[in-house]
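What follows is a pair of complexes built around chain A, which joins chain B in one and chain C in the other.
Now for the complex of A and B:
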């Protein structure tokens, strides 16, 4: 081969290598972006999950109020009624794949339960909450349990 | 086309750029989610303190019990301590309860006092208390 041909071959080879490196770069970058978006989504879901211990007790469907004045407690009878009606699309969209349980003294109320069909694990958080029982007009310390199917 | 010195300078620039990029990525990933965890523990501490503040303890309101304890009724102080420590079992993390009476006495229950505090609940001129939750 002549020197010119060799140089053209060399240039072609360098261009080929650069293109391959660029392609590998693009693939890695794309995978990195996908992973990053998945991580962000997981973090968002986790934050939303941990927020449940402050969100659930303050829901109007559950909170004890007198003439619109929120008292900062869960109304036990509202909670019992909520457990009967929570199995619908509105709450499935709101809570997702979770189980929410309220335990007060000897009573255990499953407020909401929507199992993920093929879950691999459960993340669970608990928090003490104030519960008002209108029957004896007393406030109790209950436990709110939120489980997330993952 | 290029002199040997120029090529070496290019190489050096590329290495410096690589190091800077790697450093930036490392910095990006080293950010921890500590703030979110603190928000969660703070919400939990608030829920606990709020539940205690409102609770009825063997026929008496928690606030009245705490007031009576601050006035020197040792029986009420023991009832309060037992009630608080009993409810600490509902918290997965280590927790603590700190009550300061207006007279200067302090009542502490639990084994964690350096952590995330709830806001203070007070009855003016009588007492002030808060709950502490420590990361496991």
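Now for the complex of A and C:
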């Protein structure tokens, strides 16, 4: 092989390596960017899940109202009734794969439960809530739990 | 001399091929980079839209969404909101919107009460859309936000008739007759109970979206009805009105529900809603 041919082969090889390195760099950069977009979406979903703890007690299905005027508490008897009617498509679309539980005094009400068949873990958030019991006309401190199957 | 000439020629070919390779790589990189940036922007828009919808559900209101973003197309299939056929979000709200429309959007939220609160529905429509109304009641017009653009029949994009209507291929035409909503161009009919929420819903949404949002709303109303019936049953022994209000709830008799709920309150009994 002549010296000139060898030089050309060498240069060609260098260019090939540079292109491969650039391609690897590009693939890594692309993956990183895609991951960062996915992370933003996951973070938003996580924030939405955490917001559920304030959204759930204000739903018309649970909130205590007098003549349509919201009182800022959970109505214990609406919550009890909701536990019986929540197993339908509408609420499955609204809440997804979650479990919502209300604990007040000695009572534990599972308001909603839709298990993900192959869940690997549970994310849980809890919050104290005011619960009105219309039977004895008293307010109690309860705990609302929202669990997400992941 | 001949060999030297061949060498120079080969060098040029080599330089052109190597240059072309680099050029293709950087062109490809630039295109993908622009796509990624657009994808990021789409994600930002869809998250902002979802937050804006959730915010609108807090209280009945009118607002504009998307003026700060570059041109974007929103698609809705009753489960997901897509921006520019790319980023999406699962929506948990009841929304009336065209299945595909361009931003920016007018957003109006309104409580749906039967007479208890069922949900706060959200209407979305292109900010520039102009509407024409024919044969509408004063009460209907009073409810509409002042910001809704109303114009003559010839200049409008959406024609709304209470009564008969003719198809018009260049405009959206909706007609309300008795208990029916008619998408005139598509020749699709839907039954409705006379509630204005469904009239507005039809104005702002395509038939498929209207149908599923209407079904969601009715499903939630029926769940709440069951819930209030159960609540009344728990307290059944305390006051006579509970038995009557169960009947009124079952019949969707709004006036009776209101008066019996007031009667419960006046008699010192627990109200239903």
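As a convention for this text, the second predicted complex is superposed on the first by the 140 of 150 C-alpha atoms of A that agree within 3 Å, B and C clash if a C-alpha of one lies under 4 Å from a C-alpha of the other, contacts with A are read in each partner's own complex, and residues count from 1 in each chain.
By definition in this document, a residue touches a chain if its C-beta (ideal position, glycine included) is under 8 Å from a C-beta of that chain, and two chains touch if they have at least 3 such contacts.
Predicted model only: the values in this text are computed from it and were never measured.
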Chain B and chain C placed together on chain A: clash or fit? fit
Requested in this report: Figure out whether A:68 sits in contact with chain B (first) or chain C (second), or with both, or with neither.
Outcome: second
A:143 in the overlay: touching chain B, chain C, both, or neither? Say first, second, both or neither. first
State whether A:13 touches chain B only (first), chain C only (second), both chains, or neither. neither
Open item on the list: Under the stated touch criterion, which partner chain does A:119 make contact with: chain B (first), chain C (second), both, or neither?
Closed with: neither
Chain A contact check, chain B vs chain C, more residues touched by chain C
Taking the CA centre of chain A as vertex, the centres of chain B and chain C subtend an angle, in steps of 10 degrees, of 110
Smallest inter-chain Cα gap (chain B/chain C, superposed on A) in whole Å equals 14
Shared chain A footprint, chain B vs chain C, residue numbers 51
Note: in the complex, chain C contacts chain A through residues 7, 10, 14, 18, 21-22, 25, 28-29, 32, 36, 39-40, 43, 47, 50, 54, 79, 87, 89-90, 92, 113, 115-119, 216, 219-220, 223-224, 226-228, 230-231, 234-235, 261-262, 265, 270-271, 273
Per the touch rule, the chain A residues reaching chain B in their complex are 43, 46-47, 50-51, 53-54, 57, 71-73, 125-132, 138-144
Note: in the complex, chain A contacts chain C through residues 4, 8, 11-12, 15, 19, 22-23, 26, 30, 33-34, 36-37, 40-41, 44, 48, 51, 60-61, 65-68, 75, 77-78, 80-82, 84-86, 88-91, 93-96, 134-135
In the complex, the residues of chain B that touch chain A are 33, 36, 39-40, 43-44, 46-48, 50-56, 87, 90-92
